[in-house]
Structure formats: C-alpha cells, structure tokens
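As written, the chain order gives the labels A, B, C, D, E and F, with residue 1 at the start of each chain.
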Amino acid sequence: MELSRIVDRLDEELGTADYADLDASANGLQVGPDEGEIERVAVAVDGVRETFERAIEADADLLVVHHGLSWGGFDRVTGRTYDRIAPLIENDLALYVSHLPLDGHQELGNAAGVADLLDLEDRSPFGELGPEYVGQRGRTADPYAADEVRERLEATLDTGGQPIQHLDFGPERIEDVAIVTGSGTDWLDDAVAADADALVTGEGKGKAYHEAQEAGIHVFLAGHYATETFGVRSLQELVGEWGLETTFLDVPTGL
Amino acid sequence: MELSRIVDRLDEELGTADYADLDASANGLQVGPDEGEIERVAVAVDGVRETFERAIEADADLLVVHHGLSWGGFDRVTGRTYDRIAPLIENDLALYVSHLPLDGHQELGNAAGVADLLDLEDRSPFGELGPEYVGQRGRTADPYAADEVRERLEATLDTGGQPIQHLDFGPERIEDVAIVTGSGTDWLDDAVAADADALVTGEGKGKAYHEAQEAGIHVFLAGHYATETFGVRSLQELVGEWGLETTFLDVPTGL
Amino acid sequence: MELSRIVDRLDEELGTADYADLDASANGLQVGPDEGEIERVAVAVDGVRETFERAIEADADLLVVHHGLSWGGFDRVTGRTYDRIAPLIENDLALYVSHLPLDGHQELGNAAGVADLLDLEDRSPFGELGPEYVGQRGRTADPYAADEVRERLEATLDTGGQPIQHLDFGPERIEDVAIVTGSGTDWLDDAVAADADALVTGEGKGKAYHEAQEAGIHVFLAGHYATETFGVRSLQELVGEWGLETTFLDVPTGL
Amino acid sequence: MELSRIVDRLDEELGTADYADLDASANGLQVGPDEGEIERVAVAVDGVRETFERAIEADADLLVVHHGLSWGGFDRVTGRTYDRIAPLIENDLALYVSHLPLDGHQELGNAAGVADLLDLEDRSPFGELGPEYVGQRGRTADPYAADEVRERLEATLDTGGQPIQHLDFGPERIEDVAIVTGSGTDWLDDAVAADADALVTGEGKGKAYHEAQEAGIHVFLAGHYATETFGVRSLQELVGEWGLETTFLDVPTGL
Amino acid sequence: MELSRIVDRLDEELGTADYADLDASANGLQVGPDEGEIERVAVAVDGVRETFERAIEADADLLVVHHGLSWGGFDRVTGRTYDRIAPLIENDLALYVSHLPLDGHQELGNAAGVADLLDLEDRSPFGELGPEYVGQRGRTADPYAADEVRERLEATLDTGGQPIQHLDFGPERIEDVAIVTGSGTDWLDDAVAADADALVTGEGKGKAYHEAQEAGIHVFLAGHYATETFGVRSLQELVGEWGLETTFLDVPTGL
Amino acid sequence: MELSRIVDRLDEELGTADYADLDASANGLQVGPDEGEIERVAVAVDGVRETFERAIEADADLLVVHHGLSWGGFDRVTGRTYDRIAPLIENDLALYVSHLPLDGHQELGNAAGVADLLDLEDRSPFGELGPEYVGQRGRTADPYAADEVRERLEATLDTGGQPIQHLDFGPERIEDVAIVTGSGTDWLDDAVAADADALVTGEGKGKAYHEAQEAGIHVFLAGHYATETFGVRSLQELVGEWGLETTFLDVPTGL
C-alpha cells in the first residue's frame, strides 16, 4: 500500500489534526519520503534506536510509535538526533507517530485498553486538554476491592519487573475509575471532581502522594510503558485488517 | 528568635534571590506574618496537610520545607489551597520554603547529601539552570561496581519500600558520578557530556531508559522523596546551631 | 444556606465565567472552604482589613465585595496579604468577589444603579470590553441642564465630602448619558462615538480633561467609591430574598 | 538655534535614552522636521489642542511638554490624532516631549520641584522603575504637623480650585517625605518600606485609601496637573539660559 | 462626496475589517480629518513623497494607494515620516490605503488583474493567510508554452526596463497558474500542493530558485510594482463610477 | 582531520555562539554524526539538493554553506526536508552552516569581500544587529563616479546574467560606501545616518526605491547570490590552509 495512503487513513482515524495545537509531539508522518510502497508495518511504544534496529531486522518499511523523535522540533540533525534518524533513512524505514491522539482515542486508545482490562462499562471521555480528551472513565458492574484492581493490573501489564504502586487513600470498594495512561497525575483533581474512586495512570510525580491523600482517592501507578502498549497494538490490528503484515516490538522499560 | 531574622539568615545562606527567575516555587517565607517570635522549628520535605498537622502537634512555630504551596502563584484561597493554608494561619505556624536553592547548595543541599553518602571527592557544581546549579558531581577514591552503588543507596535511603531502579547501561566500574535529586533526568545529556559514568536522581521520565541506553551511562532512580531529605535536615542542623529547638517530620511517600 | 449553593447562584446570576479572561480580578469565591453553612451575609465595596473587621463584628459568615484581594494572583501569603487573609480564616468568614461582572450587569450592576438615579430610559449596554460590557447608557425623558446632573449626583451619592468634578465641555442640555462607574474615562471616545452628551464615571485620569474638551462632551467624575455602591447593595437585596440576614458595610473613601 | 541642537542638548540633559524601554511615551522630538531654526520656545504640561493653539498664538517654533501625543505609537493620523498633529505641521511648530525622564530628574524634575516647595533636605532618588527612578525623597529640618504639609501644598500649587485630598493615616509629625508626582500611588509600598511618613503625589486610585490606612502612612493627593508644572518650568529656565525666548502656557485642569 | 462616505464604501467593498489582524499595514483611511469634501481622487501603487507631490500637483483631495505609510504604526512624526505626512496635511490631501485586502479581492485585486492578463478561467482564491486569501489561481483554455507566459507578461507589464526572471523548472506546457503579486514566493509550496504548473509573482527571495527547482514548477518574477498596478486601477474605475474625477499616478520602480 | 575539530575551529573563528540569539539559522554543524574523519571539503552558497549532489559527486565529506536547511528548526523530516537530508546521511556528507556570522566577519565575510572588490579603505563594522554587525563600510582613496561602481560590480560578480540595478539617487561622486550583502535594504536608514554615499547590497524590497530617492543615496542591487560567494570562498581558503582538499561549487541563481 502507498505510504501516503496509510498516513492519510491513520490521520483521519486518529484525528491527528485536532491535536495539532495541544501536543508538543509532531504527530503523523515524522520521518519519511513523500512516496514509498509499504508491505510490512512494525509497531512499538517508543521510537528509539533499539526499536528502529529491531524494525530494520524485521524488514519493516514503516514503524508506528506512540513516542516519536520530535517534541517541539529540532534545530539540527546531530548527536542523538542524528544517531536515530540516520538508520531510518539508510534503511528506508518511515516513522509514523501518534501521541495524544492515540492516548485519547475512545476505542483504539491507551486508556480504552486499560478500561477493557478492568471490564469498565458506561464509558465516557476523561482527561480534558483544551477541547480534546486524553483519557477515559467508566464504571464496574461489581465493585472491586482496592487490592483486586492492583492484582488485575499486575496480572496483565508488562511492568518490567517493577511493582505497581498503590496510593491507598480511597474508599474500600472501587466502582468509578478514571484513566489517563503515561503521566496522568495532573488530572487527579479532575478525577476527584468527577467523583471517581480511583485514578489509574502510569507514572506519578512526587506530589501525587499527598494530593491523593488529601482528596481521598486511590491512585494506581502501573508504569508509563506498561499502560501505553494498548494503543499501538490497536493500530497494529487496524493496519493488519488493511492487508499489511505487522509485528509488535516489545521493549519494556520498567519505567 | 524573631521570624524576620531567621528568614533573612536563611535567605542569605541559601541565596534565595539568585533563584528568583529560575524557580516556579516562591522561595523564602511563603506563609506568615511580618512579625513573630519563633522557638520551635520543624523541617519536612513536603509542605502538605499531613506535615502541617504534625508540625502543629509538635508545637512548632515555623516549618521549613523543600516543596511549598506556591508554584506560579494562586488566584484564590479555596479548595485544597484553603485546606492547607487555613491550619497554618489558625495555628500561627509560618512556612518557609527552599526548593532549587536547597537542591543546589554545595554544602547543605540535597545533591551534596547524596554525594556524602557515596563518599565522593573532587566535587563541583553540576546541573546548570541558567546561571545557577541544582546538583553536584564528584569522583570516588576507589571505583564502585555498579551494584555497589545501588546497594549503598538502598542501605541508607528511605524509599518507602520501593526498589531503586537501575538503568544498567554504563561501564563496569563507576568513578565519576553526577547527581541531581528529585526529577533530574533532564540533565542526563549533561552528565554524558561531563563524562560521568552514572547519574543518580530521584524519579525518571519514561524516555530516560532509552536515552541512558543510547548514551551508555548508568542511571539510578532512588526516589524523589528519598533523595531530598538531606537538604531540610541540613537546615534543621543549621537552625539548631542558632539555638532553636528542632524536629524532622519524616513522611516517606515511596515516590 | 450552603456556601457552595450561594456561590453557584451568584456565579450564575452574574455570569462570572463570561468575564474570566477579561478581568484581572479572580471573581467568584476568593477565600473560603469547600463547605460551610451561611446565615449572615455582609456586603461592601472594598474587600480590605477594615471591612473584614466590621463583617466579623457583625458576625457575618460571608462577605460579598466588588474589589477583592486577588488581582492577577499572589505568590505568597505574607505582609499585607497575610494581614487581610488571616482574619478571614481565623473567623470563618468567606469572601465572594464580583468586579467587572457586577459593573456590567444590566439590572443589578453599578452603572444600572447610576442610571436609576438619573431616571434614564431606553437603556442599553455600554462600555465594550471584548465580548462583554461594563457599563450602561440611556436617555432622559426631559433633557437636563448640565448643572442638574451634577446636583442630582451630589444629592444622592456619598462622596466622602469631596466635590463632584464636572468637565463642562458638552452641550447646554443633556439627553443621552453613558455610564461606566469606577475608572471609566477609557470609554470617553466610545461615548462620543455613541453620540452621548455626557459620560458619568467615578475617577478620571488627567488626560480626560482635554479629551472631553476636544470632543465636546460633559464628563462627571463622581467618585470611585460613590459610584460603586449600587452593585453590592443589589446583591444584598438579592441574597436577602433568598432568606439570609444581610448588612451593608459603608466605608466611603472620598476617592 | 538649530532644532536638532536643542533636541540633542535636551536629550542629553534629561537622559532620554535611559528611559526608552521604561516609558510608553515616545520621549524626545515627537513631531517635527529634521531641520529648523528655533527662536521662541513655549512649555506646557499637556501637549493638546489647547496648548498647541496657544503656542501658535504666541508665535513659538517649539513646544516642550510633559505629556505628548504618542503613548505606544499610533497606526493612523486620523480623528483626534489628526486634529492635534495638523496644527503643529501647518504652523511649523515642533513638539518635544519628556515624560518619565522629567519626572525623575533629580534637579529639574517634577518631584524635585515639590521637594523644593517642602524645603526637604538629604534628598535621594525614590520611585524605582527598572534601573531608573521617577521621584525623590527627603527630610525636613523641623518636622511638619500633617496639616502644615497640606497647607503648604495648597498655598503654592494651582489645583484648579479642587481641594487637596489628605489620607490622614500617618504619624502626628512628618519628617520623611517620599514624592512621585502624577499617578504615584503604585509606590505607596515602597514609601512604607523606606520608612517615609508621607507620600506626596498627584492623583490616587481608589485602593490607595485602604493601603494607606493599613500601612499607617499619610498620602497627599495634590492634583496630577498641579504637581507636574515644575519640570517644564525648569526646562523653560534652562532653554532661556541658552538665549531663547520662552513662555509658559498654564492650562490647569483640576485633575 | 463626503470623505467618510467614500471611506465607508471602500472599506465595505474591500472587506478591510477582515484583514485587520493579518496585515501589518493599517488599512483604510490612514491620514486625514474626520470630515472633508472629495472631488478628485488619485490612485498610485506606493504612498511616498513622489506620489504625494504628483497628487498635489493634480489637485487631488484623496489619494488611494496599495502601500501606505504605516506598517505596524509609528512612534513619532519625524524624519522621513514627517517629510511624507507634512505635505498631505499642508495640502488637505487624505490618504486611503488597501494592502492585503486589495491583493486578495477576487474581482478588483492585483492577482485577479494578472489572471485577466493571462486569460485564466475556473478561478478560485489562492494564497491562504489565516482565514483569508491574498491571491488567485486559474486554468488556461489552451496550455501555454513556458515562453509564452513570459512574453505575455513582458508585453503588458511596466517593469521599468527590468527583465522578467523565469525560473524554468516546470513542465513544457502550462495549464494551471497560481498568482500572488508582490512578494509571493512564500506560497510556492502551496502552489505545488495545488498542482499548479507555474507561480506568477513579483519579486523572489534567493531561496526560491532551489525550491522551484526541487519542486519542478515554473516561477515568473515579474516585478513587485509591475504586478501590483491592477488593484489601484480597479479602484480608480470604481470611484469613477461614483462620479468622482480620477487619475492614475504611474511611478514604476523597476523593483 | 576529525570532524569535531574542524567544527570547533570554524565556530571559534566565526564567533558562532555570539550570533545564537540573533540568527534564525542554526549555525555550526547542522547535519552530521558526532564522529567522522574529513578529507575533502566542499563549499557553496546554498545548502540545497543541487549542491548536495555535486558535493557527493566530488566525494566531499563535509559541505560548508552560507544558507543551510534549518531556519527556526523543523518538526518533521518529510517532504523537501527529507529529500535534502536523506542524501547527506546516505552519503556520509556532513553539513556546516554559517549565515550571519559569515556575513559579519570583518576579514572573511561577504561584506568584506565586496569591500575588497571596491578597494575600500578605513573599514569599520556596519549593519548593527543587536550587539553584532552583519556588514562593513569603508572609503575609497579616489571617489568613484556612480557608473564606475556598477561597472566594477558587474565586471567581477557572477549575477547569472541579470543586470545590476542601480537606484541612482545619490551624489555624483561616491566616496563612502556601506555594504550589507544579501537582503540589506533594512539598513538603508543606517547608511544614510552614517553619511554613506551608497549602499551596496544583494536584493531589495520594493520600498527601497522611494526610500533611496527620499534620502538621496545610491543603492546598488547586485544579486543575493552574487554578493555572497565571498564568505564561503574565504572559508575554503582557510580550511585549505589546514591541509584539507577543497572545492567551490558554483550554482549562480540570478537572484
């Protein structure tokens, strides 16, 4: 399939343009020529040298990632930027990036994946960022005990051997859960305002401990990487349906 | 001792004014009247409701913290801000804050405390932020094996039961160590440029994993709280020398 | 009545949210806890130590003012800010502020009150500020002589003993009057463009003299305080209708 | 004398360039050709149509004012701007402006003139604005009673018939006086910090009343125009010494 | 006809207000009184001393130009600004300016005039600038050879003796032509994206050569002045229809 | 020679760091790895696909240019940016850029080269840009007739067949000449203020015609490319002295 056609279809599906002014990440095609035929697509959470090398080994023509190379642009192609871009160009490997659009997608996104894992119902967008959302919330049919949530997350997520941190300041039983994957503790107040019993996210700034305590809400820190594999795996499935060969490159960081 | 006199002495010792344009934190006296007699001083890492309540129980007149209430100012004294400020005012407890000035102080600071713990020599300022520094670097007399560094940190720091994460991408033996406590992975490139073998910090953003790997450097993530008790404990000692009663309020967060 | 319910009703009546980006004042609840039962409401033009003390003496639970404490936010609760906030907190007195929303309200507002005093008819919003208004204009049934306007204002307003200044550069008879209370001379050109014969405001910058002279319009400077008691008195009446005890704290400044 | 030579000498004497980034007023030559011979110089506080017409009647070639036409520049020469600039150009009348440089000049300036009137000694710059000053402070040999200060000001200043307002919140006897002419109440806190007993200025924002009360300082509001005739009269004397005919155009506004 | 009536009709026809935030030029009446009777209107591309003098010789009351005096406003009326504004005021000559609104007008505008010259059909707006356009595109009924386009332009435009530069990097035959007069090479990528075979503009920055070469598109640089006489001539015709005497002042610059 | 050593020596010679905040161009190494051995250096005015291809044909390891790829940074490596960067990376060709530092260098720079061509003496920096300069001025031993200057420039510069435009508004004989190569007409007023008889530059905005006419100064527009070959040829000579093979890639654009 033509590269430009894949890019257009992904941009449309993910609403890339809607996030243009909200996201430091340059979403969409980030490295690649105007034309090119794509046969094999790799997906990964992080667009870094290790995933680039593994995509090249896997003979991929296109790599789709959640975290790309360009955060606010670059002035030069030198140092680490050179070391990352060079193998892409030398091996005709295009790089497509979807950061916040993929976090916030209500079916394919990272938060939606965590919500699936927790069997949440009555879902709605959560995690306002300007006019868009970067997360999701929902309710459980039967309330969880706080420990059950942690156990479920631990059983399924690849946390690279790290424990899931539980700030255990909420009610005994958890019914309403708000989710913002990655670094989501900035939405802790929104979760409280929305009467959520728990916020599930990836990593937390130090101040989250006391904010959770003072607000009386559970916070589960389940790993930045671990909570963000869902989106790219959804995209893998999607482009697979378009008839392309696909592969997922798993590089858990424990962070 | 007069409150204003303590404030002036701390401001001078810490160079508060030099960090005014660099730090979102409003350093110096953050809550308190112009006049007041201080007899008992409590110190804590975080200025939050729990430490305020414990300082009040301890009958302190002044609480000195690393993380205060005002990050870019507030428009209103409502909600969580009210709940934090009200007990201070109702109990005549003044709040003194020193964030980056305390991180960067080359004798009393947080990084200096970690450097002591690792027996580093030939120390110099590290972690440029505009014209100031927020960390420290040094050399060991005898090189450490990578595991030894982690073991030393674990033996001494109160990580709230969390493991210390080690991104094990540096050389076998560690001689040069750069330290920025709290959230210090933004200085990873500076550490590499300074030929450090390891960066010790508190917490790490997800991208630090690959940056460390690509740069070939060790990174130790020893906890935001755990790496930042040194500074306030130094200040405790300092004001103790001025003849005031003091107490350290330990509230480890595991973050 | 629950504090939060009063706040919500006032915010809705006054359109607080519409002025959020236009006003340096943080309108709405400015100091106070999330919960609290309100029995007695005081109103005043200025939120300062004197009115706080008098509200406390009057045993009020809530003080509603036109000029609050927070103009662009504060970094610290020290000095004059401490001296003002402390009595509020120590005496469980909440502070609600309405600055431009109250100036511009077409029934309850300050300009509307001056228009009542002058028996103006055919009223419409005046004093554009972005998409909102901060004043009002109208016509008299029978034209005033210029002196009559000044006399009417002097007879009714509490100017603290100061004379009303009259820049006597308009036509002999006054039919169309534009009003912006407080500091309204920035709208002098708008008044001229709207074919007003006179602009009534509180205080004037020096340049207003020549602008009025060159434009051929009357300007009446009737005092900042004196022209801005109407709004809070309207709110006093409003919350009185909700069944709350109320009191007006009059502290004329002569400015 | 050549216009450009007068402009250069005034700019040098007043330090026009030092205030370039501090003052909204475009100081220096504001309207005029590159070349022109000047014989007669008029001075006035305000650069407006009335003073322009009177300068033209007086056959002046140059008008020196404190308040000019350009505050932040203009996009068009239409409306009031046209009506003011046209007579200048049609009558070959150049306009020289000195706003903050003239306020702050320690010998020729407006504050210095008020200090002369009050027989202040031990004078020093007051009223910081970035690296410059816009006022002056000094001490009396013998303390004044508060009323004496008001009486002295009233006896000498041309207030256009308006009373001088006295915010009577300071000590019984006045020794230290801070002066910022025009609109100087923004420096009230600086006056308090400098242990002044009184601040003398021209006009005051409404909030000055309570700030003065809470700080315990006298404030005298002696009129914007009335406190700002000193500077241009000093310049009149100065250019008179250069051999030019001069005249002062007095247009008191009562503001 | 009343000046203000002409100004209102031109502003409405040209949509002056729509370009207010897009254009550094202060469009509309730029120099002139509020009232005045207009009998004779001159038009010119540039509003400069030479055209002002020729308009005065021609006894015009109003001069309509494409390039005015005010680009971002001016702080002073001195030097070159004085030398240009003075003759306007001294001779009661008003100045009306229309920059981008006249470039982008789809019937009267500069690009529309070039499109007429090239007999383009199927025209549509081109040259996005925010929500507006500053150019036009269209198709030829019969394709041109590249040389024919240059010859046509040279035959009609007054280039002041300068050759038209042709960056000859497009296809052999030209059907689709995009036009932005003046300095239009910033829209070269837009022209390529719109599948144009050629971009016709006035002057080009140096980098346009390689951008055209790499994109494979013809660029014709036909002179800033030469491509921008159409708009003011259309306005000449328009105000002529309103019953006013008109004249076009041709001052080709060769630039 | 090591690439990093060449880069350091060029940066030091050209004062790259001094222009960091003044220049939109990212000066210094713009594309290239941290390490690499350089044997052959090509120089060119423009860093574009044509010069990249010719440098690759010439087997160069490093290309030094005046106009690079990065003007304010890029968000993506796609489209034209991809097409330019890809051949650099695929062929191990590093790109070093020096824009304003090379314009302003008083011995090696572009303006200095034009001054040599005109045998100017008593040279000094010209063309202020913040604290730096981007041009040069000087005097001739014997005055030129205006035509002689044009003839000299035409005889030596490679203008790609385009005529040199002469705005012939200065005095009969030319002694003082100010030079800013490329687009230098923004310094026309500075040239007049410096009593220059002529400004030599590359290309001119349309308004330069009338500004020159009104100011009474000669302007010579000798081509952007044509006036900017001097700097890179000086660098060619310089790196040749360091023992490297060099070549100049001449691609005149006529612009």
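Rule of thumb we're sticking to: a contact is a pair of C-beta atoms (placed from the backbone, for glycine too) under 8 Å apart; a residue touches a chain by one contact, two chains touch by 3 or more.
The chain lineup, named per UniProt: A, B, C, D, E, F = Nif3-like dinuclear metal center hexameric protein.
Quantities reported herein were computed from a predicted structural model and do not represent experimental measurements.
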Homomeric contact chain D-chain E: same or different residue positions, threshold half: same
Mean-CA-position distance for chain F and chain C (Å): 62
Centroid spacing, where centroids are CA-atom means, of chain A and chain C in whole angstrom: 50
Intercentroid distance (Cα basis), chain C paired with chain B, Å: 47
Contacts with 2+ other chains: residues of chain C: 83
Overall pattern in which the protein chains touch one another (line/ring/star/complete/other): ring
In the complex with chain A, residue positions of chain F that touch it: 26, 28-34, 70, 73-79, 82-83, 85-86, 89-90
Complex contacts: residues of chain B adjacent to chain A: 46, 48-50, 67, 80, 83-84, 162-163, 165, 182-183, 189, 202-211, 213-215, 221, 224-225, 253-255
